[in-house]
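Look for subunit A in each of the two complexes below; its partner is subunit B in the first and subunit C in the second.
And now, the complex of A and B:
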């Protein structure tokens, strides 16, 4: 399979080159919009030094690197692209099955008023992604693109139909299962055209069906070789008000996600899965409110029933927790639990007006956010020798707390040159389940208070000094969760091209005195037009990195790193 | 035009998209416990490499008797080094008109179907389920003899010591296998256990002529441990390592061919009645990824 995938990739690359030549395009030049070539390159490399104190392991290769480059060509209604990826070898913290190099993505697309057809690697999303979303996230090295065919059609005004079929990317090959999907979306206002042109309320309805096929050779269980999932959605908008609701259901899908070996016997659950996502928001000048709710039960939907971690996911379950950028609030992020969770988020943002007692001369922005996630409360069913559903859940019941994050963030401009951001957060994290997927792990639940002060002094037009001070107070007797931290950062930007920064993360609350370490890290970067190069040196602590509730574990490291990005 | 095209796309996609609702997920094991056993084994002949020829055939297949003759000639040439299994599957095995017997099995359907080898012409042979260059894995009968010459040169990786214990009263069949590695082997292996029956007399088409009392040999009557067997080993093995496998209490007198029907139609269950005096157990071990068969053994149970 690997060979055939490479052959097809190489063939595609050859064909693309041939097409580019046929159109007499010089890949280094950018022509007009109807006839253009664009590209993006990213190269990351790190030299690793072992450090037993922080737990940075020895790396036999000493230096590891990740690199990729996209080249996309457009001519009128036709577009095509390739992505080359190289891992020599893959950097620490990523799946080691990314090994080697090659063309991992290639597509060709033609679209006119009647049809929009794509062949090759396809990125697509139905609704919020509850039953289908393929995307690429290089920060996670996550790519579940569908290698196949997609057809989009707009047969009548306001109606969009999408159909696709293919196999999903799995490292340098494709997974064993075939994915078929169909989505229809009706924009009622557009469809009604003149009748609805004076109606301020806009309504969009949608529905999807996705099915995966994988053969089975299991001697003990009759496995469903075709597993279907289906859902409907509604979006209502009026002025600053927006309401979105989506519900999806998945048919019986025994898989590694709902498989257990108990007392020497193996059990699969044939329970159906379902997911609900609600989001409503209202925004007006100086004020906005966002309310989200989500309930997921048995919604790990993959094109290989034996796949684990982030491999071969067909769907995406949106995160209803805040994704933080400051180091301490992002220390223990939340990872979506596809097997079961219920939760939500509320956020209010408002601007204290200029000239008021609190707002002062420049006003003040305040964000209040609260998010929470709990387990479901499964009720065991004794049917392991018959229907093998094994459990059921009720909508009105929730299980124990997995995560909460309550924070207030205030951004205040004190003068033309000086501004600051101040945050206080209270977070709870059930580390065993959220980060290690086991209810019986050795970790204690973590409750933390976090403070952030971020001050920026702009001493000249494009020149600034920024300083961060962060603190996180946790249980200082917990040897596995490492206790409390304090962080200091200073960043100097003398002009728009250069930055220099130093950061110190100090684990002052570590219960083991010899491990109360400073993780000092220096970085500097240069930006010129579409090019950016940055260098860094120092110690990085072990942690979790998440994007949209999808996470990867980052091990501790010590060494020198370089990153280059460039686009044209 | 646009509407027609879109409806076409919709219909096509819906046809391709489907899902299976499983009412009874647990595979019911056909078992019975015996007390008085006849013991047989292959200890005299297990110490050399053997090949498996699967002859995909059918009672309404006019060219299949010719394939059977080729298989019998190969058996005469290679003796105990070759095991032949006749798999009755596909459209020409379906009872129709005067041909009322049904020799199909669930395992045969799986192997013959799209998740197996997608066989559409008969007879087709598989030798060790391996593509011997320049041939495909599926072989026309005219290629069987030449491919067998190549297959006999395959390396001898694993030996199989097979013992059967059969209770003639209740029909309980116990099969015990010890796989002994001749050479190191790193890949996952599955093990399949089948039963074949000789001397079944029935109707057969022979180039358009109905033969009333055709004698079917080596007919596959069922796979005892699921159509694709079970995992034998999932870890690398060194030379002289051994792995034991047991399949106890199989009820030879309780076999059936079950035809799945969509709800609410009940499944069709056709009992498979065998003459245990003509039954042999076939055991083979194959690469779980490539499906290449590394070794096969045959033991007559009484």
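And now, the complex of A and C:
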């Protein structure tokens, strides 16, 4: 497995070296252009202590580490890059199929006004990604890059055409399926150029087609070897108004992740998939309103029909819920349900002006946000053929509630030295489906009230002390969901280089008295320009963790950790 | 074997590199203006005056604190040094719709672009946000800083003032 990817790495590496050298010797046209080499390194290592109370398992290796380095070379219109990744062994909370080390990404690219060609690992997105998006998120170890060829062309002003073909990265190899895609986008105002100068309404139209191919030897089912997906999108803007709509359809795609659940058992569904995403907003200075709606049915689209979890996804289905970074509101985050969901979000933001009674000397920012997601309401189809769609849905009806989040946030500066953020949220989460994908699982639904106070005091120019106090009240009789919490955080930044922080997460409401534990965690770091080193010690819960000005996703653990990042 | 290949690549890349590190031009990437128009990042300019490039996201608290803090003095900064701030949002489709509403309701007067699939972010070797760069009057990237803590904006402005006067910077 590793070998096949490695062979292609070697081929590409030689190709790349050859191209680079060819340019070095022959390409006089760009010989005068300045060279540049840039890179980024990140090393994370943790020493683990087993902790049966918080559920941190013993780690046989004692210490685990994740590391990667990117190096990019640019000379005029030419660029190339490699990424080396090493997992010895991969840290807790990540997929253990990240094992060992190697070159996981390499590309060469030439771009000018007319053509932009890339070979190697490609990151691309069509529209909002409903049928195609490849991207890299090192904090989550998510990388579904397309290893292949991409051509982008702008034949006339305002028109962008993209075509690509390849296979997707899967850990240290590539997935079995071939992915082919085409996208066109037309910015009508740009295309009309001078004619459209006085037209205030701006319109952008786009359309795309993506198809995957994977052979099948399944003796029981006729699996489609080619699955196509197509989508169209439209963006209309005028003044402060912005309207975006995208709709996509996918042909029948029975796969491990596209199933229908009947009587507690999962079956392949030959149902087509479809997805709709609408976003409309109005914004003016000091006031904005945003409305989003989304409906997804059977839209897990992967280049391997047996892939599950986050592996080999071709498309991206954005969650239309608020993305929280404070610990408690982010405790039970929402995840899009590709098999079927309908939901939406409304957000109003405004600034209470300076000088008003409420706004005071510096003004005050207020955000109101409400989001909700529900299941679809599947209607079973009585069809016992091997290519049954199993169910159908309609647009009028929604199923039971999966998640809601209503919140208000107020940010106010009281004086030159003192400012604060205050937040209240009410959240509902169907933990069984949203987090464990088991409709009949053992978890109870969670309803929580959450409060956050975040105060910053600045002194002596660039020194500051920041304090957070958070509370989350939940049903305390529910043993699996751990009950209620309170969090205290203090962070001291004596100057722009150093930070020191301590945090205590206290599970005071745990239904089991002996598990009412304090999760205490200390961290300190040093930043100098693009270089940063941080050390931490203590117990951590899983979640998005933001300290010292940087947010990252960190798994649960107990022990000592070091993180070094550097770019040049 | 793999290590040899990597070493080979690195050496090859460095072998024909005359100048490296700070002082390079802004790399070419396509980003989108808030009205959807595509712009090549290598065309960013400010008529010989310094540019601040700040990578941020609508879900990133420290990023928004930094941009809020700069906004308070932005009028003075531009008057005194001619500096311009270019804010690059790395929001993906989930939150890209929120960029325009955040920018307007917060009253930010920056030039804002959306880097929806992180092409520019990768080209600039940014991993975590906030990440801030300074570009001098001749278009060269001369300084960068990762993360934000209270008061960082003052240190940033000291560097902007030096740049405006044509002095060398230190981290």
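We take it that the second predicted complex is superposed on the first by the 516 of 568 C-alpha atoms of A that agree within 3 Å, B and C clash if a C-alpha of one lies under 4 Å from a C-alpha of the other, contacts with A are read in each partner's own complex, and residues count from 1 in each chain.
The definition used in the following text is that a residue touches a chain if its C-beta (ideal position, glycine included) is under 8 Å from a C-beta of that chain, and two chains touch if they have at least 3 such contacts.
Note that this is a predicted model, so its numbers are computed, not measured.
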### Message
Under the stated touch criterion, which partner chain does A:521 make contact with: subunit B (first), subunit C (second), both, or neither?
### Response
neither
### Message
After the superposition on A, what does A:464 contact: first (subunit B), second (subunit C), both or neither?
### Response
second
### Query
What is the contact status of A:319 with respect to subunit B (first) and subunit C (second): first, second, both, or neither?
second
### Query
In the superposed arrangement, does subunit B or subunit C reach more residues of subunit A?
C
### Query
Once the shared chain is lined up, is A:142 touching subunit B (first), subunit C (second), both, or neither of them?
neither
### Message
Let me test your reading of the model: by the given contact rule, A:251 touches which partner, first (subunit B), second (subunit C), both or neither?
### Response
first
### Message
Quick check on the superposed pair: does A:301 touch subunit B, subunit C, both, or neither? Answer first, second, both or neither.
### Response
neither
## Note on the structure
Dual-contact residues of subunit A (subunit B, subunit C) none
### Query
Which bits of subunit B are touching subunit A when the two form their complex?
1-3, 5-7, 9-10, 12-14, 16-27, 115, 190, 225-230
### Message
Give the list of subunit A residues in touch with subunit B in this complex.
### Response
114-115, 151, 153-156, 161, 163, 165, 180-182, 184, 209-211, 215, 217-228, 251-252, 254, 268, 270, 384-388
### Query
In the complex formed with subunit C, which residues of subunit A make contact?
6, 9-10, 13, 16-17, 20-21, 24, 34-40, 42, 70-74, 77, 79-80, 82, 84, 101-103, 106, 111, 123-125, 127-129, 133, 135-136, 138-139, 160, 187, 190, 202, 204, 235, 237, 240, 242, 244, 277, 279, 281, 283-290, 292, 316, 318-320, 323-326, 347, 349-351, 362, 365, 456, 458, 461-464, 466, 493, 495-496, 499, 527-532, 546, 548-552, 565, 567-568
### Message
With touch defined as at the start, can you tell me which subunit C residues reach subunit A in the complex?
### Response
1-2, 5-6, 8-10, 12-14, 16-21, 24-25, 27-28, 35-38, 58-62, 72, 92-98, 100-107, 116-119, 122-131, 143-152, 154-155, 171
